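Below: a set of structures, written as structure tokens.
Both complexes below contain subunit A, partnered by subunit B and then by subunit C.
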Partner chain A sequence: MPHFDQTLDVKGAKCPMPLVKSRKAISELPVGQVLQVISTDRGSVADFQGWVKTAKNVELIAQETVQENGQELYVHYLRRTA
Partner chain B sequence: MQQQTSCNALQHQTEVAPLRSYAVTDTVLLAAQPQPEDWQRFAEAGYKTVLNIRSDPERAAVQAANARAAGLRYIHAPWPAYELEPEHLAEFARIVEDPETGKLVFHCRSATRVGLIWMLYRIVHQGWTREQTEAELRAAGYDEDAMETFEFCAGDFFDRAGDQI
Partner chain C sequence: MTFTQDQSTVTEISPRELYARLLSAQPLFILDVRNEDEFKRMPVEGHATLRTLNLPYYDFIEDEEAALARLPKDVEEVVVICAKGGASQYVAEVLNNHGYRAVSLTDGMIGWGNYYDTRDVVNASWGRIVQIARPARGDLSFAIISDGQAALVDPLRHINVYRELIESAGAKLTTILDTHVHADHISGGPALSKETGAPYYVHPYDAIHPIDMLPAVIAYEPLRDGQVFQIGQVRITTIWYPGHTLGQVNFLAETPDGGRYLFTGDGIFLRSFGRPDLGGKGEAWTPILYRSMFERLPRYLTDETVILPAHFSTLDEDAGNGIFAAPYKQVLSQNDSLKPRSLEEFTSFVLSHLPVFPPEYVEIKRVNIGLVEPCEGKASELELGKNICALAE
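Then we have the complex of A and B:
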């Protein structure tokens, strides 16, 4: 698990909510810090990969899938770069 | 929490879900990701144009070939899911109001983002109230989870773009 500075829980939220909430959260982080985003939306995997291709201030450091109480969680690590 | 598998290994599973679609009007179908067999069905149902707003250019290139083979016009407009802007809505308005477009299939991955754009188009470009467009989307079949997403994301759009529209 990469180091992170803040966590955003978007369990239950579906596209584009995880992205919109993450964009807002990352804009409030100092440059260089890492946001961990925890989602239950499987499609968030591709959505976050697509986001960082066009966003100018975000780097996708890692993605992982974990299980919690029988539920799959999709965890994304984003660094604010500018 | 225990790590189970990589997200990349699961990504393809989201690409093969059955087609979910919402006919908001006789000429506009809001849809989730179509499958290869859907292009011919769209053509047979009288649809003329497909508008894809997903970001992946490689997927779009494959889709474009399949859609055109079925006789459909194909437009790829990878508008950002994380930050919709008034110019994206304006571009959508030009497409949907272009006589060349005809009956339109408008799709993203889950059909939620296209529902949001349709809602904003109705409000910003056609002067509908939010209540009117919510009623239209509910009548087309969108559930309360989708309505909650529309409400949050429309609020974000108007917070950022309020003085530009």
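Then we have the complex of A and C:
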């Protein structure tokens, strides 16, 4: 698990909310810090990859899938770069 | 802007309404807000009057003004589409706030992919022939209903569509026919048979997986060349047509008024024909297909025989009313791939027109003879995207 500074829990939130909330959280994060986003939306994996390609100040450091109580969690690590 | 999914006031368009718009060939603008890979794998397709732009929803979240600037200037009305119907609501709301008239497709591509369209090909005193289409995939299936009896040809996976159709016609399902064991989609035949007790017929050559060389474990009745089924006043004759698969058959339905309707499965299509390589033996099966096409089938065909295939490749193949069928004479005139060729010419034509071989097609054939039983999620994943059963044009 990469190092992170803050956590955003968007379990249960459906597309587009994981990304809407992550964008907002990144904007409030000090430059250089890492945000961990925990989602149950499988589509978020590909969408976060697509988003960071053109996003202004976001870098996707890692993504992982973990099991928790029988459900899959999709965890993203985003760094604010500027 | 504040936004919550539950309180969205965005107007929705149902898959049924979308399909009517696509068929009408009126100008239509679709904004597909899925990521690029999803969009490329399965876009919504229509006539030449359809314009589509792929602009992922996260581009609107990242920089709303920049995303809006990429929309064509002459567009007022926009149908917004995403994977499940959430992100499209978000983007449609953004558009509406900027003076567009935007609607969001209900349930997104899931809703579109699972949408079935049912319409009569013929409705006469002897009964009906009904086309049941799954437009997103270009899949076509048929019901023949006469005197309270019903037969199905190539039923698709969502079997309640057929149950409801037959029930509302006041008929009983007596015969389930598959023209072949499909590679591109999961057949509804075995499940319907299990549920209704009506026998499921498929040719025994297709009851062996062509790559695994393993026999079917589903219950089926073996079809034979020349076998006749009587459905009320309609007589259905089985015509063996090997090539796309070794056990591919056509079904010729003859009606009391002299009508001839040929269900060709993945034999001949309206603008193409079924590829001979999906069993992994394209070289060996191409000459077999050649003989089926140019020697076996012609003796059953008249100019007026209506061709009803199991697939369309583009909406342009419809006769203007959502029916994908045409008299043989017309098919010949618009289908260059059917023109007479020597075996050598035919073989090189096939080789130069083979599209990609979707890897999941091997697995779908396993599902269709019961070698694997996927859950709902896996089944719909296997069926993502449009069929690639035809040679490329």
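Worth a mention:
What we mean here is this: the second predicted complex is superposed on the first by the 82 of 82 C-alpha atoms of A that agree within 3 Å, B and C clash if a C-alpha of one lies under 4 Å from a C-alpha of the other, contacts with A are read in each partner's own complex, and residues count from 1 in each chain.
Following the convention adopted for this analysis, contacts are C-beta pairs under 8 Å (C-beta built on N, C-alpha and C of every residue); 3 or more make two chains touch, one makes a residue touch a chain.
Just so it is clear, the structure is predicted and the values come from calculations on it, not from any experiment.
For the composite obtained by superposing both complexes on subunit A, the positions of subunit B and subunit C are in clash.
Using the contact criterion defined above for the overlaid structures, shared-chain residue A:56 touches subunit C, although it does not reach subunit B.
When both complexes are overlaid on chain A, the residue A:73 reaches subunit B alone and has no touch with subunit C. Residue contacts after overlaying the shared chain place A:15 against subunit B and subunit C alike. In the superposition on chain A, contact is made by A:43 with both subunit B and subunit C.
Applying the stated contact rule after C-alpha superposition, one finds that A:65 touches subunit B and leaves subunit C untouched. When the two complexes are superposed via chain A, 381-389 is the only one of 183-191, 327-335, 363-371 or 381-389 in subunit C with C-alpha atoms clashing against subunit B. In the superposition on chain A, subunit A positions 14-17, 19-20, 23, 43, 46-47, 50-51, 54-55 are in contact with subunit B in one complex as well as with subunit C in the other.
Only residues 13-17, 19-20, 22-24, 42-43, 45-47, 50-51, 53-55, 63-68, 72-74 of subunit A touch subunit B when the two sit together in their complex. Every residue of subunit A that touches subunit C in the complex is listed here, in rising order: 14-17, 19-20, 23, 43, 46-47, 49-51, 54-56.
Partner subunit A is touched in their complex by these residues of subunit C: 3, 5, 35-38, 56-59, 61-63, 82-84, 86-87, 90. Of all the residues in subunit B, the ones that touch subunit A in their complex are 1-8, 10-11, 13-14, 54-56, 78, 80-83, 108-110, 112-113, 116, 145-146, 149, 152-153, 156.
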